[in-house]
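A single structure is presented below for examination.
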Amino acid sequence: MFMATLVLTILGFTLGSALAFAAKVFAVAESNPIVEEIEAMLPNSQCGQCGFAGCKPAAEAMADGSADPTCCPPGGRALAERVAELLGIDINTLGESAAPQLASIDESLCTGCTRCYKACPTDAIVGANKQIHAVIKSACTGCGKCLDACPEDCIHLGAETPDLHNWQWPKPMVA
Amino acid sequence: MSIFSPIRGGVHPEGRKGDTAGQAILTDIPLPARLSLPLFQQAGASALPVVQVGERVAKGQCIGVSGAGLSTRLHAPTSGSVVAIEDIVAPHPSGLPATSIIIEPDGEDRWQERPREDDPFARSPEELAEEVERAGIVGLGGAVFPAAIKLRQGRRYEIRTLIINGGECEPYLTTDDHLMRERAAQIVEGARLIQHIVECYEVIIGIEDNKPEAVAAMREAAAPFGKVEVKTVPAMYPMGSAKQLIQALTGREVPAGGRSNDLGILVHNVATAYAIQQALRHGRPLLSRVLTLAGGCVSRPRNVEALFGTPIEHLLEQCGGLRDTPARLVMGGPMMGQALPSTAVPVMKGTSGVLALTRREVNDQAPSPCIRCGRCVDACPMGLMPVEMAKFARADDFDGAAEYGLRDCILCGTCSWVCPSHIPLVNFFEYARGEMKQRRAAAQKLEYTQRLTEARNARLEREAEEKRAAKAARAAKKKKPARRATAKADNEASTTTSTEDCDS
Amino acid sequence: MSGAGLTITGRAAPHSHAGSSVDRIMLQVCLALVPATVFGLYLFGWPALLLWVITCASAVATEALCLLLQDKPLSRLRDSSALLTGWLLALTLPPWAPWWIGAGGAAFAIAVGKQLYGGVGQNIFNPAMLARVALLVSFPVHMTTWVQPDLLSSGAPGPWAALDIVFGGGIPDGVTGPTILGEMKTAQGAGTVSELAAGSFNWLDSLTGSTAGSLGETSELLVLLGGLWLLALRIISWHIPVAMLGTTVLLAAIFHRADPAHYASPLLHLTSGGIMLGAFFIATDYVTSPSSKTGQLIFGAGCAAVLFAIRAWGGFPEGVGFAVLFMNAFTPLLDRYCKPRAYGRNLRGRPTVARTPARKVR
Amino acid sequence: MEYLTLLGSTILVNNIVLAKFLGLCPLMGVSNKLSSALGMGLATAFVLTLSALCGWCLENYILRPLDLGFLRILSFILVIAAIVQFTELVMRKFSPILHKALGIFLPLITTNCAVLGVALLNVREDHGLGESLIYGLGSALGFSLVMVIFAGLRERLALAEVPATFAGTPVALVTAGILSLVFMGFGGML
C-alpha cells in the first residue's frame, strides 16, 4: 500500500513538474485580440442597427457568440463572412444577411436643411444649405441615421435596383 | 480529344456553317426607320451621350464619349436626327432596360467632314492608337474590350508576335470566314498597322483548317509582306479563344491571372483588324459590322453587314424572315452567345451573329442529377474540374469552387455542352463569379466606408478640439465673434469633404 | 421544359448540346453486359435466369419504393441505373443462390448503398459491390457454394426444378464444385500452386468461362468484349482498366517468378474470378471513381494492389468487391489531390511564370 | 520483417478504429474537414506512440518489479493525461489555428480509448519494447489513415443531397459501418 502511494506520488510529482516546465517553455501570450480584430472589421459608424450601443459592444457580442456575425446590416454578407471565418463559424449555417440598403432622397421634398448630411457617419450625403442633397451610393452603408435626422421625411432606404452594370446571373435551380 | 491535339480538351460540335458559307456578305441593307444605340456597348462603363434630343447628326459624328474607366466612343451610324434618348430593352440576357440614343435616319447618309487620307504608316504609333480610340473600336470577336486600350497595353510590353485570330470556332458563325475571303487585303493591312503601332516582330494569322477559302485568300494577301504568316490550326472548339489559339500556334500558355502580353503576344480578331484598317486608312469610325444570321428558323441564312442600332427584326426580314418561332434567339454563337429577349433589340458592337434556333438545335432538357462521368473534366480546354466547381458553387462555397479553378474558367461552355445530365454548368459559374464579384465589391465598400468614418471622426474631433481652443481663447479674451467664425468653418469643412468624396 | 426554373433569356450559354444523355449511357452499359449474361444463363440454366430476374426486379422495385418515400419523381427510374446495379450484382452472385440472396442483396444495394446517400450520383461506394461484400460477410456459405457448369449434361434442372432450387430446397448434392480461385486458396496454404496450374487450371476454359464461378463473371472473354465496346463508345476511358489489369499482371508476375509454389501466374489471375467485370464495369463506375486521369490511374492500380493482396494473403478467395470498395473510399481524396494541371498553372496550381519578362523598358 | 508484418497488420487488418472500434469519438467529432482531421490524426498519433512507449516503460520498470499491476490503469491514465497536456501546449504554441479548430477534442484525446487501449493491449499481448513501439505507431497510423479517409468522404457527403432524415451523423455512421465492412476484406491476412 505504501509502495503504491509512493509510486503514484512520485509519478504525479514528476509529470506535474515536467508539465510546469513545458508550460514555461511553450508559453503563449494570453490576450483576446479577437474583439479588437472584429471591431476593426466593423464599419465603426456606430449606427446601432445591430441592437447594440455601438460597434465595440457588437464586436464583443460577436466574439462571445451572443450575436451572429450577420447582425450588422451595413457590413452585409462580406463582413459576416470575414467575422465568421475569424471565429471559425461555418458561414453556411448562418441565415441570409439582410440585403444591403441604400438611402435615397426624394428631391421634390428635400428642403436642403443639411441635417441629414451632418448625421451621416460616412459623409455619404452631399449638398449645401438650401440646396437639394444627394446620396453617394458608393459611400452609403444604409445605416438609416439620416432618416431620423430628416425633418421632411424625404429619405428612404431601399435595396439597390439592378441595372446592366451590376446585374448578375441568378443561381440555377436544379432538381 | 486526341493526344495529338495542340490544345487540352476541346470538342467538335457540328459546324453547321454550310448554310451561310459561300454566300457573299450582304451589304446593301436598306436603312431601318430607327437606329437604337445603347450607351452600354462594351466591356466596362457606359458611354456618355454628347448629343441632345432633336439635334441633327452626320454620319460618323461622335454621339457618345468614353465614360469613366474602360469605355469607348459611340458614333452616329448614318445621318439623321436624334429623336430620343430613352430606355429600350437591351440585347442582354437580363432583359433589363438600357439607355440608348435613338436616331431617325434622314436617308442622305451624309458623312461628317473626314480628315484627308494619308499614309497611316507614316504617322507615329501613338497618334494611330489615339485615332483607334477616337474611332470607337472594340474587340469584335466577342469580348468587346476597347481596342485602343489593348494597343496601349501592348506598347508598354515588348510584343514579339501579333496573332490575328481567325479561328472562328463557334458553330453557325461565318462572319470572320467571309471577311477573310472577301476583304483579305484590308485585314492584312490592318494587321500590319497594329504591328506598326505595337512595334512587334512578326504577325501570325491563325485560321482553322475548316476554312480553306479564307486561308487561300489570306495567304495571297499576306504573300507580299515578310513576317506576316498565315498558319492553320485544327478546327475544334474553343480554338477561337485567345488562350487556346496562343497555345495552338506557339505551344505556350498564358500564365493564370496574366495576359498574353506577359508572353510578348498580342491577339486581335480579324474583324478588329479590319475595323482598325478602315479607321486608320479611311478615317471611318466603327459604324457597322458583319454578322451571321443563321439557325434553323431563319429562312435564308446569310452574312450581312449592318449598321449598329439596326433592329434585328429588320435584318431578319432581309433574310426572308423567320420560318418558325425560334425556341431560342441567341446573340453570338451557340456556345458562348447570349439569349435575346426579343427580335426588337438592336445590333451592337459585339453582335457577331444572331441565331434563331429550333427546339431541336437547342436540345434543352431538364437537368438530371450529376453522375460524375467526368466528361466535363476531359473536355475542359483549361484543364479544370467543372463537376467539382459546380458542386461547390451550388453549395455557395465559392472558395471551394475557386480552389477547383473557377477563376481560370473562360466560360466557353464546353462542359455544359458535353454534360449528359444537361446540368447548366456555365450558369453555375456565371452565378458564382457574379456573387464573388459582388462580395469583393461589398468588401471594398466596407473598407471605403470605414475610412470615411474614421476621417469623419477625426474631423469631428479636430473640430471639437478647435472649438474648445476657441472657447478657451474666448474665455480668455471675452470676445464674441469667434464663435460665428468657427461655426462657419465647421459648415464649410463638412461641405468640402463631402464633395471630395463624390469624386473619389 | 425550362427545368432550371429560369426564363429562356435567363439561360446562360451554351444554347446547343452534344446530345448525350444519362439514360443512353446507362442503357449502353447494360447492353455491354448482354453477351456475358447470356452466356452465364446458358451455362447455369434456369435457376440462374430466375436469380437474375429476381435480383434486377428487386433493385428496380426498391428504387421505386425509395423514390416514392422521398417524394421524388418516379421518372428517375428511366435512367435505368437501378437496373444496372441489380444486373451487376446478379452477375457476381453464385448462379444457384437462393432467391432471398438476390432480392435482399439488391434491396440493400439500392436502399443503403445508393438512396441513403441521396440517389444516383451521390453515393460513395459502388452499390453492387457493397451488396456483394455485405452478403459475402453475412452469408459466407451461400455466397461460396458454386455449381459446376454442366447444362449440356442430362442433370440440368428444368424450370420446375429450378423453382425448387431458388425458392426452396437449395442446391442438390453432387453438382457443386470449387472455383479456381478457391482451389488456389487451398493450394496456397499447402504450397502446391504450381501443381494446380499444371492440373485443374485450364486457361482456355477459364478465359471462355466454362468453369465454376459467379453467374456472369466466368467468361472473362465476353466481359472483356463488352468492356472494349464501352471503350470504343468512349463511355469509359482506358485509364482504370489498364491500370488495374496492368498492376495485377505486374504484381502476379513478380511474386510468381519469386515463388511459384505459393503464387499463381498472371494468366490465372487475369482469367479467373471477377477481375474483368471489376476492371471494366465496376471500378469504372462514374460515381465512385475519380474524375481526373491521374486519379483514375492511381485508383486502378490501388484496386489491383488490394485485389492481389486479398487473393494472395487474405482470408477470402476473391477480393474484387473489397478492393473496389476500399479504393472508393479514397476517391474523394484522389479527386482533391490529383486535379489535372490547369492551363497557365503548374502542377501545384501556381500560375506559371513567363519565361522571359516581356515588360518593355522605356 | 516481423516488425513490418506487425505494422501492416495494425494499420489495415486490425485497424484500431474499424476492427477494434476504439477511438470512435474523434472519428465522428473531428472529421468534418480534412485539415482538422489530419491534424487530429497526427496529434493522436503522437500521443498514441508516445504513450505506448511510456506505458511499456512504466509497466516493465515500475509496475512489474514492484508488483503493482493493479495500479496499471490509473498510472497509464496519469501518463496519458500528461502527454496530452504536453501536446496541447506545444500545439498552441506552434499551430494556434489547428489548436482552435480541434477545440475540445484535443484535451479529449486523454479519454480517447484508443490511446489507453493500445497501452493496455501492449501489456496484454506481452509485447517487447520494439513491438510496443511498432504496435503504437501502427495503431496511430491506422487511426490517422481512417481519419483522413473519413474526412474526405464526409467532405463529399456535405455536398451530397442526402435525405434529410439521414443527413449529418446518421449517414456518417452508416459510412463508418461500410468502411468497417470494407476493412474486413483484409481479415485473415497476416
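By written order: A, B, C and D. Residues from 1 in each chain.
Assume a contact is a pair of C-beta atoms (placed from the backbone, for glycine too) under 8 Å apart; a residue touches a chain by one contact, two chains touch by 3 or more.
Just so it is clear, the structure is predicted and the values come from calculations on it, not from any experiment.
**Q** Of the other chains, whose C-alpha centre is the longest way from the centre of chain B?
**A** So the farthest one, by centre of C-alpha atoms, is D.
**Q** Name the chain pair with more contacting C-beta pairs, choosing from A-D and B-D.
**A** By number of C-beta pairs in contact, A-D is the larger.
**Q** What whole-number Å value describes the gap between the mean CA coordinates of chain A and chain D?
**A** The mean C-alpha positions of chain A and chain D differ by 40 Å.
**Q** Centroid from C-alpha atoms only, then distance chain B to chain D, rounded to Å. What do you get?
**A** So the centroids are 57 Å from each other.
**Q** Provide the C-alpha centroid distance between chain B and chain C, rounded to the nearest whole angstrom.
**A** The answer is 50 Å.
**Q** Would you mind pulling out the distance in Å between where the CA atoms of chain A average out and where those of chain B do?
**A** Between these chains, centre-to-centre, one finds 37 Å.
**Q** Using the touch definition from the top, which residues of chain A touch two or more other chains?
**A** 169-170, 172, 174-175
**Q** In chain B, what residues contact two or more other chains?
**A** Touching at least two other chains: 93-94, 366-369, 394-395, 397, 424, 427, 430.
**Q** Mind pulling the residue numbers of chain C that touch at least two other chains?
**A** If we look for residues of chain C contacting two or more partner chains, we find 3-4, 6, 10, 12, 119, 122.
**Q** Residues of chain C touching chain D in their complex?
**A** 70, 112, 115-119, 122, 124-125, 130, 133-134, 137, 306, 309-310, 313-316, 319, 321-323, 325-326, 329-333, 336
**Q** For chain C, which residues are in contact with chain B within the complex?
**A** 1-4, 6-22, 24-25, 76, 79, 81, 119-122, 237, 286-287, 291-293, 335, 339-345, 351-354, 356, 358-360, 362
**Q** Of all residues in chain D, which touch chain C in the complex?
**A** Interface residues on chain D, with respect to chain C: 34, 148-149, 152-153, 155-157, 160-163, 166, 171, 174-175, 178-179, 181-190.
**Q** Using the touch definition up top, name the residues of chain A that touch chain B in the complex.
**A** 41-45, 74-79, 81-82, 92, 100, 114, 117-118, 121-129, 136, 138-139, 141, 162-172, 174-175
**Q** Spell out the part of chain B that touches chain A in their complex, as residue ranges.
**A** 40, 45-46, 90, 92-94, 96, 98, 366-369, 394-397, 423-424, 427-428, 430-431, 433-435, 437-440, 442-443, 445-446, 448-450, 452-457, 491, 494-495, 497-499, 501-502
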